[in-house]
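What follows is a pair of complexes built around chain A, which joins chain B in one and chain C in the other.
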Partner chain A sequence: MTNRCTLQLTVLLCLTGAALSVNYGKLRFQQRSSNSACQDLLWQLITSPQHCLDDRMDFQIPKQVEQPQQFQKEEAMVVIYEMLQQIHGIFRRNVSNAGWNETIVENLLEELDEQMDRLETALEEIKQEGKFPWESRTVLRLKTYYLGIFQYLKAKFYSRCAWTAVQVEILRNFFFLNGLIGELQD
Partner chain B sequence: MFALLGVVLVAGAPCVLPAAAGGTKLKPPQNVEVDIIDDTFTLRWARSREPAGNVTVSADYRMPRIVDNWTKLPGCQHVTSATCDFSSLKMHVYEEIKLRIRAEEGNSTSPWRELDTFIPFQQARIGPPKVHLEAEDKAIAINISPPGAKDSVMWQQENPQYSVIIWRNASGAQTWNETHHSRFPRIKIHKLVPETTYCVRVKARLLLHWNPAEFSPVHCVSTTVENELPAPENIQVILENDTYVLKWDYTHDNVTFEAQWLKSYLKRMPGSQSEKWAQVQGCERAPVARCAPPQDLFRKGIYFRVRASRGSSSSPWSQEEKFDAGRQVVIPPLIVALKPLSSRSLQVSIGFQDQTELQHSLTYEVRFWENASNAERKTFVEQRADFPVLSLKPRTVYCADAQALLEDGPRSQRSRPSNTACAATEAGGAPGALLVAGVAVMLVLCAALALGKLVHYVFFPAGKPPATIEEYFPEEPTKNLLLSTSVEQTEECFIVENVDAVSAKEVNHLDEDHRTYTSQASQDSGHYSIEDESGESGESGGSQAGEELGQRGAGAHSAGGRFA
Partner chain C sequence: MPWARSAAAIRLASLYLMVHVGPSLGAPEASLASSDESCIFSLALRNFRPILSWELTNRSIVPTHYTLRHTLMSKGADLELVPGCVNITRPSCDLTHAWYSLVETYLPWVIGSRGGATLVNCVGKVSPVLEMILEPPEFEIVGFVDHINVILKFPPSLPKLPPGEGLWLRLSLSIEEESEGIVRQHLLKIDERTTGNFTYVIDKLIPNTNYCVSVYLKSENLSKLLRSPWKCTRLPPRPESVSSESASIGVLTILFLMAAVLGGAVAVLKRIGYICLRSKFPKVLNFDGVAIWAFPKLQPLEAVAVAEVIHIHRKRKVWDYSYGDESDGDEEAAPRGSGGGYTMHGLAVRALCPESPSSATLGGSEEAESLMAPGPEPWPAERTSGAYEGKGTWGAQRTSGAYEGKGTWGAQRTSGAYEGKGTWGAQRTSGAYEEEGTWPADPFPREDSGPSKSPGDRIFFNVDLNSVLVRVPDGDGSEAPAMLCLPEEPVDSDDPEDSAAGSEDAPFDENDTSRSDVGIGDGYMMR
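Our next item is the complex of A and B:
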């Protein structure tokens, strides 16, 4: 029995000692801290949601995002990147009607830019390793979901209440992003 | 009756087929292809070889998730040519779509040919981007507009990256070309030759999708005459005494420098947003090739650029250097230690002053030399923080110092040199070392065997326990006695300790009384030799409990030790 134990232990040590080109632990740490910074900034933006009850909207985020356990770490990375990219695209739009502090919006864009930067490097690495999930259907569903948000904002003329509804939805997005970041495991 | 009907039906079917075979049966179009480039959707097929007549082609579409009936495809109804354009369909580009196509002639139609389901976004090719060039003396700035029209549906949510191929348009034998990849729509290529014509081709690519892309047409531009003042080079942000300082190289004298900065997230923004450069305070007219920007600039990622001026003329802007706050790691001071391993080797150990754990992997550059006047210095580059240096001379003093290199990102960082550590190799020749090694190996083997035996004895006792134990352990005694009994005894002991702790403490002072007390209390216990050992362990609570344990089994001593 002791022999089997030693063998198992040796195998485990070998596996963990193997060189990994993407440092998932470091990536997870960076993404998590960036994510919570973004959530803090978003909370600072919330103005008066109680006036906007009529503008509530179910944007129907793809169900897969709510259950991140099903993703392999490479697909999780791609899904996270797509979400960050789209959220960045949303806050780049005409936010003047929202009545928000411009500095906070800028800080949010900066934070998202940094997060995307890190992921871009990691994505290039997994492309080189040949592990890139080209066929991810979740990414396509996310594009449809964010298109819905863009179209909603446009239809509501980027009004204050429309922005508030979007902001609440993006806060939910960050909650799901936390779950996805947890899947960046070796 | 029904059988008759059945016969008629069966007989009827073959009657139909010969009639069709004999007549002009239309076949659906062959080699049908869907070609999507940006927002232009085209359907192509092979023209039928049969004599033309009035053969037209029509197509339908269906979107399983949205439009579940076959609907006429706009732009592809009764088409006489071999292609049709259905771009007018307001498409959900991320949804699955299915097409079917058939040929028609007069009143007769061919059967439908169904094409494989596809998703337009995945099928589409990326069209050529638009390119605008601006030339300086030794650099060319390339402004790229994304592919597709302004109201493009296909790429509206994308942030494409770009690949640029640049080559020198010279007729001579020397062909030079370079490929650059850019994540942003503005790219500047430096280190070019003045007064030369360069040509570029650009294509877009999507990070997350494998869409093939088309190159833009060739655009050419000539670099200007060489500027009086060259652009500064080698811009760096370095840490000096806990302050970030901007430094660069410049060859000419009598110039002042101007530095600008840009928040790196602006590079992602389309259009002119990406060019909102701001003056660096304290670097508007720097007389030397360095300046100290306000430290609050260095929060997140920023880009710097510098140019030189003399009088009214100024140099072009330098290459943009990115400072990434997240990537700046301050490497704490290193401490190097040398230890003799044998007569021919020394162990180098590198540690940090603060015992901090770094998230990044460091490479160490260790300089090693003999402590003599003309010694040559050898440099080792190691990833390990502890490593031996071999093939040394016996009884010689060697010294070493180290620097840590951080290879994270395009520019590596170097820590300050560590202390210099010296040590001498041991005395003795090679045969001695071998003998010592041999003896050591023997000892290790013996120790391993002994350990194995001990483990076997302790964990897998082969012996049969004494008969008296079986009174207390009616179940089979071949279980792991040590571990199971100690668990039980823990629970028991807590109760015992509480009750007797107070009284036991009083007795602890006098050793004799203590011994008397214990012997009195042990009236009804089995007299085991181990009892005395637990009595000697010193603390009263422990010994009292140890006694109780003594009643229970052989593992008393080690369990009693827990309370000591």
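Our next item is the complex of A and C:
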């Protein structure tokens, strides 16, 4: 009798653990779908870039982001979250002055929020497992990178062409995010 | 900053060309600043080459020549002419060696002219990752009975690009086959080795069925793809399918008849008992578990010489009323198989008494002499025709005239097998006997008249089936047994008694008291 109860409890715990643990396959699919939507929305925001050839800027994104194969699952998750958080912060600034379609911007921000919400659940799990990469050099370099973007916008007085240049750069960011999402394996 | 210097040099060179060379080339007066967005650009990956095509929104304007320039948005690069796309007549350009990265946002600038006049000055923005269309490769299908060959036509070689460069990287080819609403997908990896014609076999198909095939390219980063038109074929039927039904019916009928015949044969054989015999015997015939003690234990065998049955052909001897002629018998040595005497037939017995007038009855005496068994030594195990065995062992095989040792009779007594010590066999012909452990004296003594010790020698004795004397020993082993003198009965052909006796060749029945005229007192029994 005792053995039977123990067996049942063990099975129940295993099933509960499996149900509560993150399904990384589903997470990858959701993140990629959301990324694709963000790219389409951002592409609609970019207009007449041929007039802003003089405001083009090479912001020099970290090489590690361009080649994400070196990341482990936990660090890739942290890097993705940092990038989404920074992009969300960029588009939250001075939206009205840019003359953009506000609906498109709002949809973009919603997509970014959903992506971050899904990642927070997974980040909590790796924190509990003690695998959170508190000291990630890539995250530090990203912070520097996005600081440079903010400074560029500030220096260009958030002009239209400056925003165009930033949009083009963020469009490249979403492409690199797709590569990082591919590292979220079970 | 070498990059900045090169950019400045290129800018100056372009400006020089526009000023000095441009007019000779029909360079447009338009500039980028005056360009508009009157062109619709489309980028397609065709045979692993990015092809940029443009279409004018105002179809009334039809330039005769086009010139294409391009630049990147992520870097401060100048507008550059695309090699091979200067003053071209077609509204498309191969950008294999100009556009390498999927990540970049490219700005194409097209100037269309007719004669010396600029008719079109359009610029656009193109993002390969968002807008490049993956065109499917060309292919053909060949249908067989149960499979389809899909012949894919790839370019003979891929464009030579720096490592890791190229818009066609990380692609896969999907082949879909559809039949009766069911679609199956086959995925093939594409890499640098995928060149030339390639045949993919779709097998495990149903004959005499319609199948349609379509192919398209897939990529993890590119979402816009173009599916090829469906190509359909009907698979031919199997060669034997026309008469397959009748053939199958015939085969089934034959199988049924064979099974019926076989079953009937088995039933008949079982009925007649040829097979599957019942092994259940009546209980009275079941000897399993019957105690061995029910059968008398065989007495240990006494070593005797091997008896060899000798066929005796007795010639009826006509008494010639010659009483004193003893030499006849002596001289008359019946050759083996001769008409005057006995022939060796097999069973070796004791030689006759020396004074016996009919020593010839030994028949083949010389042969008997030579065949006399040795002393009490073992004989070879296997002997036929009544082989005789020495003391201690018996031959394993005893046929006619088998001799048995002390105490027992052999199971089969035909031509005069008899017994050694203890009992005499009822049937004895020419007086041959044996004592336990010893051999009788040689009736034809030789210089070494003692019994031959050689195991190869054999003793023959003549067994007269008409007269059998059985001697019962008195029990005193020390007493040498008297020689048994066989009554010599010349065979008179006219004597009816002899005829009657001669006919009595049947084995002696020991228990036939009606025949025995035995006087036991002397130890002899006469038949």
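Just so it is clear, the second predicted complex is superposed on the first by the 165 of 186 C-alpha atoms of A that agree within 3 Å, B and C clash if a C-alpha of one lies under 4 Å from a C-alpha of the other, contacts with A are read in each partner's own complex, and residues count from 1 in each chain.
Just so we're on the same page, contacts are C-beta pairs under 8 Å (C-beta built on N, C-alpha and C of every residue); 3 or more make two chains touch, one makes a residue touch a chain.
The model shown is predicted, which means the values in this text are computed figures rather than measured ones.
In the superposition on chain A, A:175 makes contact with chain C only, not with chain B.
In the superposition on chain A, contact of A:56 is made with chain C only, not with chain B.
By the touch criterion stated above, A:154 is placed in contact with neither chain B nor chain C. With both structures placed on the common chain, the touch criterion links A:117 to chain B but leaves chain C unconnected. When the two complexes are overlaid on their common chain A, residue A:82 makes contact with chain B while staying clear of chain C. Once the two complexes are overlaid on the shared chain, A:39 sits against chain C while remaining clear of chain B. In the superposed model, A:165 lies in contact with chain C only, and not with chain B.
Of the two partner chains placed around the shared chain by superposition, chain B is the only one that A:109 touches, whereas chain C remains out of contact. Common to the chain B and chain C contact sets on chain A is no residue at all. Partner chain C is touched in their complex by these residues of chain A: 36, 39-40, 43, 46, 48-51, 53, 56-58, 165, 168-169, 171-172, 175-176, 178, 182.
Put simply, chain A touches chain B in their complex at residues 2, 25-26, 29-30, 78, 81-82, 85-86, 88-89, 92, 106, 109-114, 116-118, 120, 123, 134, 136, 139-141, 143-144, 146-147, 150. By the touch criterion stated above, chain C contacts chain A in their complex at residues 32-33, 35, 37, 71-76, 102-105, 107, 109, 123, 125, 127, 129-130, 220-221, 223. Remark: chain B residues 92, 94-95, 119, 121-122, 156-157, 159, 183, 207-210, 263-265, 268-269, 300-301, 324, 326, 359-360, 455 touch chain A in the complex.
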